[in-house]
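Presented below are the structures under discussion, each in the form of structure tokens.
Here come two complexes built around chain A, the first alongside chain B, the second alongside chain C.
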Partner chain A sequence: MRTHLRKWSLPNLALWLIAAVAVALPLTSWAQLTKADIAVRDNMEAHIGNLTGHINADSKYAYRRYCVSCHGDLGDGNGEVAQWLDPPMWPKPRNFQLGVFKCRSTPTGTLPTDQDLFDTIARGLDRSAMPQWSTFTKQERADLVAYVKHYSPRFATEKPGTPITIPPEPEVTPDRIKAGRDVFARVQCWKCHGVQGNADGPSAPTLQDDLGRPIAPYNFTEGSRPKCGDTDADIYRIFMTGLDGTPMPSFADNIKPDEAWDLVFYLRTFMAQSSKAKQLAKGLQLKPVDPNAPAGQ
Partner chain B sequence: MRHKIVVVFSVVALLCSGALILNQNVSAAGEGKISGTVKLDGAAPHMRGIDMSKDPYCVKANSATPAKMETYVVGSGGGLANVVISIQGWSGSADVVTSVPVFNQKNCMYTPHVLALDTTQSFKVTTSDQTAHNIHPLPNPMVNVGWNQSQPPGAPPVEKSWKNAEVIPVQCNIHPWMHGFFVVVKGPYATSDDSGNYTIENVPPGSYTVQAWHEPDETQTQKVTVAGGAAASANFTFKAK
Partner chain C sequence: MYDLRHLQRRNLTKLSSSLVALSLLAIFIVLASSQPANALPAFARKYGLRCSACHESWPMLNYFGQKFKDNGYQIMNDRDAPIWQNPGYWPVTMRMTPIWHRVSVGKVQEDVYSGGSTTPTGATVARLTTQGFDLSGLDFHTGGTLEKNISFYLLPSSDPTGAFHFETVMARLDNVFHTPWLNIKLGKFELDNLLSEKRILTLTGNGGIYQLYHFIPTNDGNIFGQMGDNQLGLEVLGHSWNDRTRYSAALLSSSDGTTQLPYGNAYTGFFTFYTAFDAGKMGVDRVGGYAMIGQAPTTWATQTGPSGSTIIPGSGIGNKNFSREGFYGLFYFGEHADVTVVTQHGEDNAWFGQGYGDFIDGIAPNNNVTGTTLPAGSQNPTWNGVLVEPHFVYSPQLIFLGRFETIRMSQQANGAFGTEASNLGNITTYTVGFRYNPFMTNRAGFAWHNEYNWLHQDGTGPSLGLNSANINTSELLMGFDFDF
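Moving on to the complex of A and B:
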């Protein structure tokens, strides 16, 4: 009780106020939004197919009703529930002000498309407190995308990245699975994800997200869904775009499109979910990659 | 303790915000330079060794000379390396800097540890290592746009640039001891060498506030007047912590 009182003593509070002002001052000069930018922000739109999402009384209401408890009134991820979410088991809610998103169809370091945000709202994020909001109408979801975007000045001043192209999925074959194992060894996915895909790689225990909070690599074997969707194309997209804000980098410069499909098939063999790749792998008797093998096999 | 941190933080932040707002104008004509030496006052702090046992490749690569932290790199005469000297509130010509410096990953360390850059300049990230790295700069998302790219053995260079002036920490998540800095500035700059010496070339005559930065977030300033064709001098001394 004593310490509690001390913590909020008057001089301390005054100091924090000065600190807050000092932090806010340069922010006013950094966030150099022109009047036009501010108009764009305040009238933010989202375009999903033929749908247009708007900031209006409905989207404000929906945000306050369904999103605010985690993502907060300011969109900074500091809603009242946020304090009870402990990473890595329960990732903290996204800070929308930063404009950094995991699930994107666009290259690392670029803004997601409206469709990406729309899909995330519907899909939810497995192994987090973010549920699937698939009960919303498409219009409601589109409006919420506009509302989420208005929190970050980046959406007022930058365009989303160009979505990566995903070539048609080839037929899975034993050779492709073996080739995928070679890619897994070459780019060293196992450093974090482990040689058997169960998230026990040597670098797994020290991983942190961009805000310095602990984060776990995806465990392929435990049967949970990948965060950004569970189709083969969704998995392909993850290593070609990276999951921004997390340690997962983009491999776009280092994995060719054809190799990326091979890697998807190899990763499927780790996963609990049944797939053709998993069936085929049974006959292959593949050994886990050797972490001590010289680089490039 | 908490008081002290908050006081120091407030003062530093107030000074920084003041510096950001009070931009000064300098007229451009002719060329001079600013040079000097950066020294460390006091005994060089002990730089602890780095445990790289997580990755046998890294251990082997550093078996001859064990790797240690690079927070203070101090030469024999007390010269302090990796200090970035630049001109505060630069408002001179926005000449595009065409040289492309290289930030290399070698023996599971960054070479150089601190890379200074102009906002008009691009840089290359390369790897000499036979182990996978990910190159992950962490700018303030309100100031610059971050990214995260893998560089497995034999990966092609990544060429990038930064839009706004900022000190940007960079890290490898696979090897958590790997960390360095991109110090992005506007206008002419220099980085102190292993003896603490530096020279900023191509400075038009005028009065400037010269800023010296040392990691993690220590800055000093000094007023300097540069005459055409001459070299002005500015020496800095950082206290050992």
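Moving on to the complex of A and C:
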């Protein structure tokens, strides 16, 4: 008994407290930031070409007018409307404090460039409540990029990743479409997106984002635009950067650039939008990949 | 002896000091208590956007709201079709406005009783002032999408007595052939004005309309060129993907929006074009123009029965021309200040100017039956006008607004033979006010509305040989403008 008491003597207790604090401190860094925490980054800037975005009365006003209902006063994605958005049909608003963004030109795990955020504001995010804010002036958008960045401490301590290089798009050919089908099978895109690209893969119902919320894979056949842009290069970029915060990984280490273009062409054959790949595929009589075939069929 | 005048002056000074202090306090409370604005009903409920996302101040659209409207009430995120909404969602908004107002109308002709007579012994011209509590009409707004790229809007609206009419009833095919340059609308709808009267921020009798959009020369019988009224017809509208360049062309029945075709078979065209440009830190500015070119009847068939001669509805022929055209400009000066300018040159055919036109409602006293001729020297009445409306948006919840309009006749219908003054019917009007939304939620909106309007018109009041016949009318209005 004495021994037990000695074990909880004052020095020991102090050590335990210090240890507990040491463990808790990193955890608190994930907790929601306060206005004061955020305000220390009021000098944040954004640089897009010749434009410099600032945090000023105008950007605060614009954020309050257009953004705050979803993204919230603290940029934590907890605006008054967030509670009514039910994923996966209506994804929750982005939590800017985490500094994690889907649409980037930079490698997975890195911060997006200012240009990425600038483009996302104008393009919006299809199949979500994020409209296309193409009505803003470029200066307004640049200011809003600075405003979005100031919510996350990551932008104060890290630099954005280096944008990936996208090689010139090759000519689409039947062989390339067939090769794209092989890539589709090899990296198992079908597990989420389904063998015909209609988002009914076996993993689709179980998908969650990094915050544990349900998320749906992209349905290539429904006619909507890919989330981060609808050009071939935009689709290419998604394979190579991934959509951070979602189950869509980066395949930069698994797919060679040439193969990525092949995959773009194959995916175009699923999509409702007309394309040369879709026209060529009509003569190929391609069958959907076989989920039960040996890996790399 | 105590100087009573001094006491009164001192009390007045005290009173005015107190009033100034109270006013400053009220302004401080209003400014200090501005809270973040939430979404307005119907569309805001559907999309989770605050009213301020689409409206400079409800109901006036900002650029994003205009784009949303031009896309057929869609934000184009592939979630616009009702199938994506909660089944319980019902896109309805109701709006009504209880008010207090004081209206002072100059130059009302009144009978005079004198010498103990119980019958009028003469007439005089006097000012009539009325004040008290009142109600606006009731609007039921419902609109949205029936399916992706098929949208609708329905607005049954009542006057303050509860008598309903259909203000807007339209369906629209959006992005026909997958291009935003082709959208087709059919029904009764607001004309595609850059500054739409249906989205006006003011509520008084004279300030609650744009005089420029309704101007009719004195004694003119043409009611059909009123750009402020919703019209029946077919509209084709197109715009660039970011809505910076727009056009619209509408074919309208010359009925001023009245259903059942009481007037005849005439048509009016309404055309707009405008483009926006990035003015850097100033904002996105717009410039453009419009033209309304139409015909309307002046001849009506009649029918004689036991109760005498009556007009046969729908029988209007003898169509004559009219036109209104002008420029629009919407200029921002940073995030908080903007000014809209609209100009107009208007012209009616000489027949309208001589009191032919809407004979069926008795607005035009003359019927252009066979053998009728115009007085020698008759000419087309023409006029020019300008409207300037500045806003200062302190926050999405507090807007200060003003308006100045002036319309000047440049040619009277009677020409050289007429006795009327060259300025007969000229209008000048000022409106100032503010709207404060102490709160807004995504379920309801509420504005404390305050407004003052003053209107002057030359020569249209009774004169009875006394002074001029110019009319000065003023209205002070305070109300709660709410919707849910």
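The rule is short, and it goes like this: the second predicted complex is superposed on the first by the 257 of 297 C-alpha atoms of A that agree within 3 Å, B and C clash if a C-alpha of one lies under 4 Å from a C-alpha of the other, contacts with A are read in each partner's own complex, and residues count from 1 in each chain.
Heads up, the rule we're going with is that contacts are C-beta pairs under 8 Å (C-beta built on N, C-alpha and C of every residue); 3 or more make two chains touch, one makes a residue touch a chain.
What you see is a predicted model; the values in this text were computed from it and never measured.
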### Query
Does the superposition put A:34 against chain B (first), chain C (second), both, or neither?
neither
### Message
Under the stated touch criterion, which partner chain does A:162 make contact with: chain B (first), chain C (second), both, or neither?
### Response
neither
### Task
Scan A:73 for contacts with chain B and chain C and give back first, second, both or neither.
second
#### Entry: Which of chain B and chain C A:279 touches, first, second, both or neither
neither
### Task
Return first, second, both or neither, reflecting whether A:231 touches chain B, chain C, both chains, or no partner chain.
neither
### Query
Between chain B and chain C, which makes contact with more of the residues in chain A?
B
### Query
Who does A:65 touch here: chain B (first), chain C (second), both, or neither?
second
### Task
Would you pull the chain A residues touching chain C in the complex into a rising list?
57-58, 61-62, 64-66, 68-70, 73, 80-81, 84-85, 89-90, 124-140, 222-225
### Message
For a test of understanding, state which residues of chain B touch chain A in their complex under the given definition.
### Response
2-3, 6-7, 9-10, 13-14, 16-17, 20-21, 54-57, 130-132, 134-136, 138, 141-143, 145-156, 158, 164, 173-176
#### Entry: Sites on chain A touched by chain B in the complex
11-12, 15-16, 18-19, 22-23, 25-27, 29-31, 97-100, 108-110, 153-154, 158, 186-188, 191-192, 202-203, 206-208, 210, 242, 244, 246-254, 292, 294-296
### Query
What part of chain C is in contact with chain A in the complex they form?
36-39, 47-50, 52-53, 63-64, 67-68, 75-79, 84, 241-243, 278-281, 283-284, 334-336, 395-396, 441-442
